[in-house]
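Here is the structure we will look at, set down as structure tokens.
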Amino acid sequence: MNLTINGVETPIESGPLTSLLDVLREELGITSPKAGCEQGGCGACTVLVDGEPRRSCLTPAASVDGAAITTVEGLGTPENLSPVQQAFTHHYAAQCGFCTSGMMMASQAYIDGGGTDDREAIQHALGGHVCRCTGYVKIIDAVAAVVRGESFDPNVTAAGTAMTNLGGMA
Amino acid sequence: MAVKTGRGFAAIEYPTGMNQNGDPSQAWIKVKPDGRIDVFAGTSDIGNGSKTIQSQIVAETIGVPYEWITYDNSNTDSSPVCTGTFASRATFVAGKAVEKAAENVRQKILEIAGKELEIDPADLEIIDGEVIAKGAPQKKISVPDVAAAATWGYGELLTGTGAQLKPYATIVEPETGKVDLPPHSAISYASCAAEVDVDEETGVVTVKRLWQCYDVGKSINPTLVEGQIEGGAVQGLGLGILENCYPYYPSVEHRGGQFGAYLVPGMEDLPQIDTLIIENPSADGPFGAKGIGEMANNAQPPAIATAVFDAVGVWVTELPITPEKVLRALQKKAAGADAPKRDGKTVIFDAELSVNAVGTGIAFGTAA
Amino acid sequence: MKAVGARVPRYDGVAHATGRTEFVDDVRIPGTLWVKAFRSPVHSATMTNLDTSRAAAMKGVHVITWEDVPLLEYGHLSALGIPADEPLLAKDEVRYLGQPIAIVAAPSEEAAMAAVAAITADFQERPALFDVRKAFDADAPVIHQEGNWYTHFENEMDRRQIRKGNIDEAFDKADLIVQGVYRPAAIEHAPIETQVCQVVPEANGRLTIYSCTQALYFSMGVVAAHLQLPLNKLKVVGGTVGGGFGGKVDTATETMCALLAQKSGKPVKWRWTREEEFLCSSTRAPWHMEVADAVTKDGWILGRKMLTLHDSGAYSRFSPYGLTKHSFHHTGAYSIPNLEFNGYVVYTNRTPTTAMRGFGVTSVSFATETHMSRIALELGIDPFELRLKNANRIGDTSPNQIAYTDPSTVPTILAIADAVGHDLTSEYAGMTPAQRSGDLLPEHLVGQLGNPEAH
Amino acid sequence: MASEVLMPSSPSEAVSLFGDGAATTVIGGGTVVMPEITYGRLAPDRVLLLTNAGLDTVAVDGDTITIGATTRVDALAELGIDGLTACAGNVADGEIRSQATVGGNLCVGQGHEAPRGDLQGALLALDATVRSTGSDGERTESLETFLPHRHARLVLEVNFTRPAASAFAALEYPHTHEYTVLAVSGTRTADGTIRLAATGVAGPGARLRSAESAASDPEAAGAAAVNDVTFADDSLASAWYREQTLPVLVRRVLAQLEEST
């Protein structure tokens, strides 16, 4: 089998029923997709298969033979973050960071597919991805910011939401 | 479809740091020859952002840019004791330890700078990476130059340690719970209002909106404060209407082993969240901060339970408030069987849930 | 630039966003053995004839049981006087479904599963206890030798008590007594990263433990105690955790992996499946709380009686600590001068419960705040004003008779009233948390006042 | 790991490799089978992986619609049948829907924690027929008669007629992975015939014939529906709750059908 992973054609030695997740993590050492449940229930393992978001834990390797796979490693680098990566950083859309890779890949697919900055549309598109830390607010903010083409330098400052600071009222 | 809307309100308090204290955190800091700062602490970052917060505290305390800080909590060989990341103590207790260590480093920097500038260290301050004479800002030396001087000139290591430990509050009267010291180091406060929709035909509760106000003491990083409050709100929503390991508690049947069967809140369950903060500083926390992480899921469940009552007139006091529980309560109400028992001046809600009704070995209060 | 108060870039933000944050599962060590557990298939039983020989005979498989643990029972909170009651691996009794009995390490995940499948034991099942309300019944199944509830509070008391003021007088004087029952559920921490650990035996005899613990030193102490090793033999590597919420204070995997690494001389790794995480990991406790408040027509809360049964599951773990914290906060954000609190840590044949966000207090906040709403309705008093009236203030005292120094109950309530557009009468709208006086210091609150400067 | 993984490259090859289906595990999208393999509960000796089997064609001929077994769940939305679109849209989340197959959803076994087979109700309401192969060769039968022996057969295609109106109502029980707790699908044909079916009941999806007979009176239809099926407890809801709410969903579906008149 062969996969084109982040633009690089890569021969695969794993068995045909090995999950794409295990191919990436265990055979190839690409560790951004996470084994959060291996039941398809959390979305931490989502990668792009020919541009479409897929739960890699549910995907037998043989079923994607020859496909182009994109992982977070293919989005950008610390020195050259992609817009989604910039927005996730800027908005603190990652707390513990464990759901983040899957969340970003689904976000990338949503944006590539012409998604809007409508909150409900984003919620629906990412609805199967579980984040236990953030309460999702900042993830939605980050995706909406990318759709709107907002630019910022995540190395300088972080975003905030409409929190009202009443100061030391007591 | 008969969907009714209701609102409920709750006010809570929560202690910061371990109950009864006695939970140490320690830190040590060293300065590299170019003035960059290495912080070693044992606080696990579980997503709460303690790497960030503690780095901010160090930068602020010493007076150098945040970008100069490296933070290492990676192992027990290099990092000193931290009791752990729980009990809202990562900022409040462990942050205080790094603040103390940073203050000691600041003093060391001032000492060397004083020698270099021939000024009493007490007359120096550090602003944005430069040691400056108070009242004579032209007299200054950069922290990198101080660090270089310490390293190559004076043969000194610019370093400092800090430890935070409030003594254990012993219970001196087990019969009454009386303690000899305050068992809490600081108490945080919060209020929350919830607005829900309840479908009377199916019993499904939807949380539409949460208004929340938290006293955080001092918001060291507003974005992290928001993150704790938003994340806590959604966990509180889960507690209120969704999550249960044992859907038929006290039975243990049908425990869910997957995300499809154990109902963690999803993105589509997110209500509108309006957040207010108050900064009523604590005496013991770094820069007046209190813990915010733990309490963030405590106020929603009672606010939601009350909002459900407001919407459809039934109390569900076994969490989570599932559609089934709401429907059963509505049917009971329709049958006129929901009224609390009244016995003289006593009003008894939920009598059927009481130990009095179920067990025989222990009894509660006036219904005994 | 000021660092404190600023929205600085998250220290680990770029690492998270580039997928480069290294979690324990991302650590790659060649030759690592996979670990799996043989767990109790029943809720309550006497176990005999544990046989791991077939598994141990499999190629490259290593097995540990209770016999391999130098100190089988270690009290995680022995410093707080909470004694040990839970074996690291079950010896002859199993008290919950999924309790670990034998742990295997094998060259692959499949081989480890096969080894677990080759382990056998006999289980003489007993009736199990699941309802905390029945734990005290004479005919209840008995879970521990000492009984069905924890008996080691100070002076070996079998419950946590709070007593303050004169509770009988308060209930006599009350115009109305409002009683209710509150039962929040057991819930999962459900971090997206399941429990995971790798242990590497080093050439110098040390063990390097890659851990997802929320508490590096705590976990190191637990491993050192079970293995009877000095701390310099262990190095716990971690500090970067894929979500915890309290569940990763448990040291659920580290000790067993350390023993397997010692026994096999090879690196070992244990990553719990999501099913293990959901079905075998500790949970937030389900609580049973009964509250009776003595109130006056005009909305003062004179006294509170409370009974709490903390469903600890099969073992104590942190529950006595959690119940104590719970008892200290059972008045919520209010000053209630007369108190009678009785709380028990009750054992059931459930997965042991543990700390979770808001430990001990999440439950009591739900109970007492829902109760406050009911009181407001029964009395026909505005729920904000009822709360403001009783809100704790500077100089009021806690259930432990410690004076509050800086309570913010009043301003947080006022802020929400304003946010939702709830009109308050002027008497309440301008309220502050200042020390009680005048109308806000009725006779029943005089005796509870303390000195906020005392500590 | 499986010793033999077969990847047919045409429908006929799939039929021949499936044979009588004995000891053969079929994987369509993988969403059902892969976790079972990962968790060690299933160690199949012989696997038929349908990725390249050419069974994913959708043919629309006037009002007659034929969909191949490996048609993705999300592709059903493109047929423009309101009830089917809503039903398919209620399956898990978008990523799962783009991977899971119609055939897999029809053949899935009983879920032990939550109901499976979300599409069965909608396709029963469409009076769909199933062409499948197995021990006695190929045959075409109604979905209703197919479901009891679904485990032993390989679905090849599903056929149904576009209805005049269709509707779907499910319990909007919020959670992350969205198993269908309970749902009712309904159709009305050009001649006014109403068909109703449910999923989330005990066993596979089932027609609600008593409710259909009483369809002119939604209250009566709802009440009658509970006689057509049995209910079970699982992690998501109790049998009692499902019994209480099935009538509500029947009424909601009938109301939708009425509206689309």
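To keep things simple, chains are lettered A, B, C and D as they appear, and every chain counts its residues starting from 1.
Here, a contact is a pair of C-beta atoms (placed from the backbone, for glycine too) under 8 Å apart; a residue touches a chain by one contact, two chains touch by 3 or more.
All figures in this text were calculated on a predicted structure; none of them were measured in a lab.
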item	value
For chain A and chain C, chains touching each	B, D
Centroid-based (C-alpha) most distant chain relative to chain B	D
Centre-of-Cα separation between chain B and chain A, whole angstrom	27
Between chain A and chain D, centroid-to-centroid distance (C-alpha), Å	30
Where chain C and chain D are represented by their mean Cα positions, the distance between them in whole Å	42
Of all residues in chain C, the ones touching two or more other chains	6-8, 10, 12, 190, 241-245, 273-275, 406-408, 411, 415
Chain D, residues touching no fewer than two other chains	1, 39, 92, 176-178
Interface hub residues of chain B, defined as touching at least two other chains	45-47, 49, 213, 215, 219, 221-224, 232, 235, 255-260, 262, 264, 266, 268, 274, 276, 278, 280
Pairwise touch network: line, ring, star, complete, or other	complete
Chain C - residues contacting chain D, complex	110, 113, 273, 275
Of all residues in chain A, those that touch chain B in their complex	37, 39, 41-42, 92, 94-98, 122-124, 126-140, 158-170
Complex contacts: residues of chain A adjacent to chain C	29, 31-32, 34-39, 41-42, 44, 71-73, 75-78, 81, 85-86, 88-90, 92, 94-101, 104, 130-133, 154-160, 166, 169-170
Residue ranges of chain B touching chain D (in the complex, touch as defined)	1, 199, 201-204, 206, 241-242, 247-248, 253-266, 268-269, 323-324, 327
Complex contacts: residues of chain A adjacent to chain D	15-19, 38-43, 46, 52-55, 57-60, 62-63, 106, 124-125, 127-130
